[in-house]
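Chain IDs A, B, C and D follow the sequence of writing; residue 1 opens each chain.
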Amino acid sequence: MTTTYLEAIRQAIWEEMEKDPSVFVLGEDIGAYGGAFKVTEGMLQKFGETRVIDTPISEGAIVGAAIGAALMGMRPVAEMQFIDFISCAFDQLTNFAAKNRYRWGAGVPMVVRGPCGGGVRGGPFHSQNPEMYFVHTPGLKVVAPATAYDAKGLLKASIRDDDPVIYLEHKFLYRRIKEDLPKDDFVVPLGKAAVRREGTDLTIVTYGAMLYPCLEAAATLEKERGAKAEVIDLRSLLPLDRETIVASARKTGKVMVVHEDTRTGGIAGEIAATINEEAFDHLDGPVLRVTAPDTPVPYSAPLEDFFLPNAVKIADAARKLVAY
Amino acid sequence: MTTTYLEAIRQAIWEEMEKDPSVFVLGEDIGAYGGAFKVTEGMLQKFGETRVIDTPISEGAIVGAAIGAALMGMRPVAEMQFIDFISCAFDQLTNFAAKNRYRWGAGVPMVVRGPCGGGVRGGPFHSQNPEMYFVHTPGLKVVAPATAYDAKGLLKASIRDDDPVIYLEHKFLYRRIKEDLPKDDFVVPLGKAAVRREGTDLTIVTYGAMLYPCLEAAATLEKERGAKAEVIDLRSLLPLDRETIVASARKTGKVMVVHEDTRTGGIAGEIAATINEEAFDHLDGPVLRVTAPDTPVPYSAPLEDFFLPNAVKIADAARKLVAY
Amino acid sequence: MAAASTSRLVPAATTKKPAASGRVRRPGAKGAGIPKGMMPPPDRPLVNPGLSRAQLLEIHRFMRLNRMLEDKLTALYRQGRISGGLYSSLGQEAISVGTAYALAPDDLLAPMIRNIGSMLVRGVTPLDFFQQYMGRYESPTHGKDGTLHFGNVERLSIIGPISHLGTLVPVMAGAALAARLRGEAHRCSLTYVGDGATSTGYFHEGLNFAAVLKLPFILVVENNGYAYSTTCDRQFRVASIAERGPAYGVASESVDGTDVLAVYAATQRAVQRGRRGEGATLLETRCLRMQGHAQHDDMRYVPKALLEAWAKRDPLERYERFLVASGHATPDTLRATAEAIAPELDAAADAAEKCPPPSPEETLKGVYKEEGYEAPWWPAA
Amino acid sequence: MAAASTSRLVPAATTKKPAASGRVRRPGAKGAGIPKGMMPPPDRPLVNPGLSRAQLLEIHRFMRLNRMLEDKLTALYRQGRISGGLYSSLGQEAISVGTAYALAPDDLLAPMIRNIGSMLVRGVTPLDFFQQYMGRYESPTHGKDGTLHFGNVERLSIIGPISHLGTLVPVMAGAALAARLRGEAHRCSLTYVGDGATSTGYFHEGLNFAAVLKLPFILVVENNGYAYSTTCDRQFRVASIAERGPAYGVASESVDGTDVLAVYAATQRAVQRGRRGEGATLLETRCLRMQGHAQHDDMRYVPKALLEAWAKRDPLERYERFLVASGHATPDTLRATAEAIAPELDAAADAAEKCPPPSPEETLKGVYKEEGYEAPWWPAA
């Protein structure tokens, strides 16, 4: 039976809660209602209200309480109704959760997850991609699955991880992406990228919902001019799989990075710097970027469509790079 | 009479308050006490408690109230006692202040300022460099002066600017840096870097307190092997003066970026990407980074000294790049 | 501060607690009843606090317009002619209209997502709303944001909200502070939070800030029983949010939010306190959210009996009964009001639909100040 | 929720307001007096709540140790032998010791920066503190953080603070929640905020969270009159933070923070409520910060008369007078306690100083879990 990206997330939580009594979930409307997107549907009935906790609208307390519980040996999974509201818990995440192990050695095994990303006309406050705020915070981990398999495997790995993980699930993929999943327990290790398409002429590095337009652009390029693009899906943003990126850069000599996040300070910069440092001599062209522009996410259709990277823009940049 | 970096900041606020009745200051202990670092000393006496407002310990309300006042046509200057506490106002800054003009056209002319940076054994929560959280937020501006002249001129420009500015003053420089300042009113425009030292062999891009070890390393290099390093002081991080960076990169062909901020997701990545995009053909070597490692800022002397970039580490990297 | 005498035990709550154990009732859950205190307050007769007939009828028109405008938006939404979030204020119109009507035009007002009525009172037109919900170029946001996410300080004294609940509390305290700094200390500042949003840190920081600085700030709590699916007993452990006034040293009051005249009068009292320099007011208004959280939500979790009880307290019908009973209107004149509004709304919706969307490149404009690109750009402002 | 009757005006404050106008008194300012309510509460006799002689003397020893340890740290600081922030609890020792002593060893405790006494009660040793303040490798943080910024959950049930005020409130609510989830519902959770930190959003979110979930959580407010230089009338508009209990539906109490037995007894009551499943307690303790905010602060802004009034209420001297008067000790035995502590502290400080600093490369370790690099690494834990 094929499983949607959303259902994969739900399964991961469900199975981990069955397996490990220290796992519990908390957040707004996650109990009786099953979550704004129904990710936690049925969990209240199954696990009871001690382990499925509807909270007040207090992101600072949700994350703060998760930290306290994690320090006590629990493995809380906190939901942000939309990931945009993680800004209200920014302080607890970046100062308390991220730095605790470094300071007095006590790890904070917790997951904060929520729907990110655009393409659903959500406007400036229901479409954000906040990954870089956390990628730039040593002590956190950040993952962003693109497939149902990874959604499940990465979430299980995140829950089992002994450090705090920000888990970014792309709402555009929730019901649009599905695949057959193995019946048996599996994890996708944090910090390992996946090569989604092998190639020799060009590397496209991406993650999250942008994987699909990248694959489409790669196919176009091959059809058009036989150029073979390698497509890397980062899956984890922190730790970043620099090895896979650098190896591909050395192989193809040409790299572009595609992200839905805004441009300045996006992860493309980090990747460009890494490639400069570790594969400069192999480069046959500049590391290019296809990203959202430096604006909030606009609401109306023509604007949001212009804002988001897509296969056409990616193919255009790829053509330029191939021809470089 | 020479003016310290700290006094320059004080003068900027003082003079703008004298000139423009819409300017006022708010924050914790800034009135009767004159601020934890005495930046607002004497202002309560001079301007009275309607314009010098001691607030409760509520960073979310300090910044929120500043936003409301700015929307009303005022020009609030809010102090964070240490810039580390800006995390508690992250949501108001990145969601309300940053996005308001884009959404319904009303600008939010305000400044949030506070002491940043390490080197004073402040530990993980009194030494942070939070610039990238804001550089990655379209709608904000971010400045980080390195000299007393810039401290004054940039702060005046920030207060007069019609958009929200995060003003990062480096506490290590407060009383260590001084210079003669012009008697007349002056501003340093936002978004313009300064070339602190001209050179042809190598470009070192930096900002804030790191300017000084960079200049020291440049001098060492020249003495040692006659290599002439150009040193660029960014001054503004957003908008970023890409022109000056790219022009220098085209001239020297070798660029390194030095920042006190942690490495992954630091501004060096953005600069590396920009140079790749706009000066790739001129590069004779990779864009290198000298930065703090990806850890919190440790407290004890041997650790903090190891954590911080310094002239020795910068010179080492520069030698490598020159020899590339 | 008074001297802290010796050990002084303050009772845990001044009134009945919502729940007696760590396990909390869930009204939607199987077999659960209606939590105490969710039923409507006693149905007292409406009392005219001294409004003229013209004013009374104007209030009526705004409430009717509020309702019909939202009905129209819902119809458009179902037809796929608008997208994004659509949040209803059905059953809460008396709160938006009653509070906004009690303000002077230059008092500062910030709506939350269910306060389309407040914005109507301020002079925002149906055309503005339709353009906004349709994401048109001439909308108050050039299509960059949706719903009620807009404002205009200069001409309408409206500050627009963002989605993040509670943020407006300190922002509007700051607006009141700014008015005082500008020598306009008479200008009060008013905004709204839901029962749910009282749990945000901003509620506390902002109200306390206003209290300490004695700002003429009015925080209206629309206690509509639910925050999305969450009932008040999962949100706070007090019987009424008005009980929090003393914790901040501000005046507080709780009124029946289905009685527009009671809401108006309570807001007036708060405004008067503000103008007299007596500081902030926390004003709770009680009601029930009569539709789902937003269009997608079938609110299965709301007990039928509760909806039925509150349906009898429909604020518009109550007010119309009062107007007729008090001789200010007849069923015919009331019907005429509605009949005049309907074609107006149809025309405005059609006009909005014909307006052009923004050009894609508009995306890049206006993040920072740009010469020649100045707000407000929308006709009504 | 109780039915919201009709318009119900709650009085603005249950007790005297701290200030009558938007302009607020500043005690440090020229000509200003001492704000009402800042003077010490009446000096009532201490009452033994049923502690044995051994316990009474143990409490005394902890208080004496608290004071002498801080004196020693101050001396070291002045000699340049420790660096970073040094915050004194002079005059507040009864609060740290009294609250911590009322807990069971497995109750969860999170100190704030002035609660070295609480940590002593828990079993952290002077050597640990000296190593920590000297940034030594064997300190509880390997030199990566300073002051009281450390904890140990497994063996001491201590969660360490960060600098950001208020953060611990929800964190410790979460710790109590976790205990309940683990079937250890008897474990209470206690932490501290200052008068200043009550203004943080976390105070509200965390206390409300604990209230709604009915957690056995005790929030001790150390109202020492000042937040850095800021007096309470700039921080809140209530006479006592205990007045905020009803706003959360939790028990609250205000006690004389210079009376260690009153603090102990009040904490015990809170613990008992927690263990009985009656939820959270907000416990205000009144005192004066008898030194500057930290070492650098000469606290010019604190009126002399205020300091003198509170100096007479020194918690240690008060307690010693009680012990002597009640026949539990003599001046000689009390002196002997101090004399036994002094060489202990000197030895610990010297020992710490001889310990090696961390190697520079330690900087890079332990950001994430690393095999073979597991806390706690310090001897006492």
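Throughout what follows, a residue touches a chain if its C-beta (ideal position, glycine included) is under 8 Å from a C-beta of that chain, and two chains touch if they have at least 3 such contacts.
Note that this is a predicted model, so its numbers are computed, not measured.
Would you kindly say which chain has the C-alpha centre located farthest from the C-alpha centre of subunit A?
D
Count the C-beta pairs in contact for every pair of chains, then give the pair with the highest total.
Per chain pair, the contact count peaks at C-D.
Compute the distance, rounded to whole Å, between the mean C-alpha positions of subunit B and subunit C.
Their C-alpha centroids are separated by 41 Å.
Please report how many Å separate the Cα centroid of subunit A from that of subunit C, as a whole number.
Centre-to-centre distance between subunit A and subunit C: 36 Å.
Mind pulling the subunit B residues that touch 2 or more other chains?
55-56, 58, 60-61, 84, 87-88, 91, 95, 99, 102-103, 124-125, 138-139, 294-296, 298
Which subunit C residues sit where two or more other chains touch them?
24, 141, 144-145, 149, 162-164, 180, 199-202, 205, 208, 212-213, 234-236, 367
Residue numbers of subunit C touching subunit B in their complex, please.
108, 140-142, 144-145, 149-153, 159-160, 162-164, 167, 169-182, 189, 201-202, 205-206, 208-209, 212-213, 366-369, 374-377
Which residues of subunit B touch subunit C in their complex?
The contact residues of subunit B facing subunit C are 22, 24, 50-51, 53, 55-56, 58, 60-74, 76, 91-92, 95-96, 99-107, 138-139, 141, 162-163.
Considering only the defined contacts, which subunit C positions touch subunit D in the complex?
1-18, 21-22, 24, 35-42, 44, 180, 199-205, 208, 211-215, 223, 232-240, 242-256, 262, 265-266, 277-279, 284, 286
Would you mind writing out the residues of subunit D in touch with subunit B in their complex?
Subunit D residues touching subunit B: 23-24, 26, 28-29, 83-85, 134-136, 141, 143-147, 149, 162-166, 196-197, 199-201, 227-230, 234-236, 301, 357-364, 367.
Sort out for me which residues of subunit B touch subunit A in the complex.
Touch residues, subunit B against subunit A: 84, 87-88, 90-91, 94-95, 98-99, 102-103, 124-125, 132-133, 135-136, 138-139, 238, 240, 262, 264-273, 276-277, 280, 283, 285-289, 294-296, 298.
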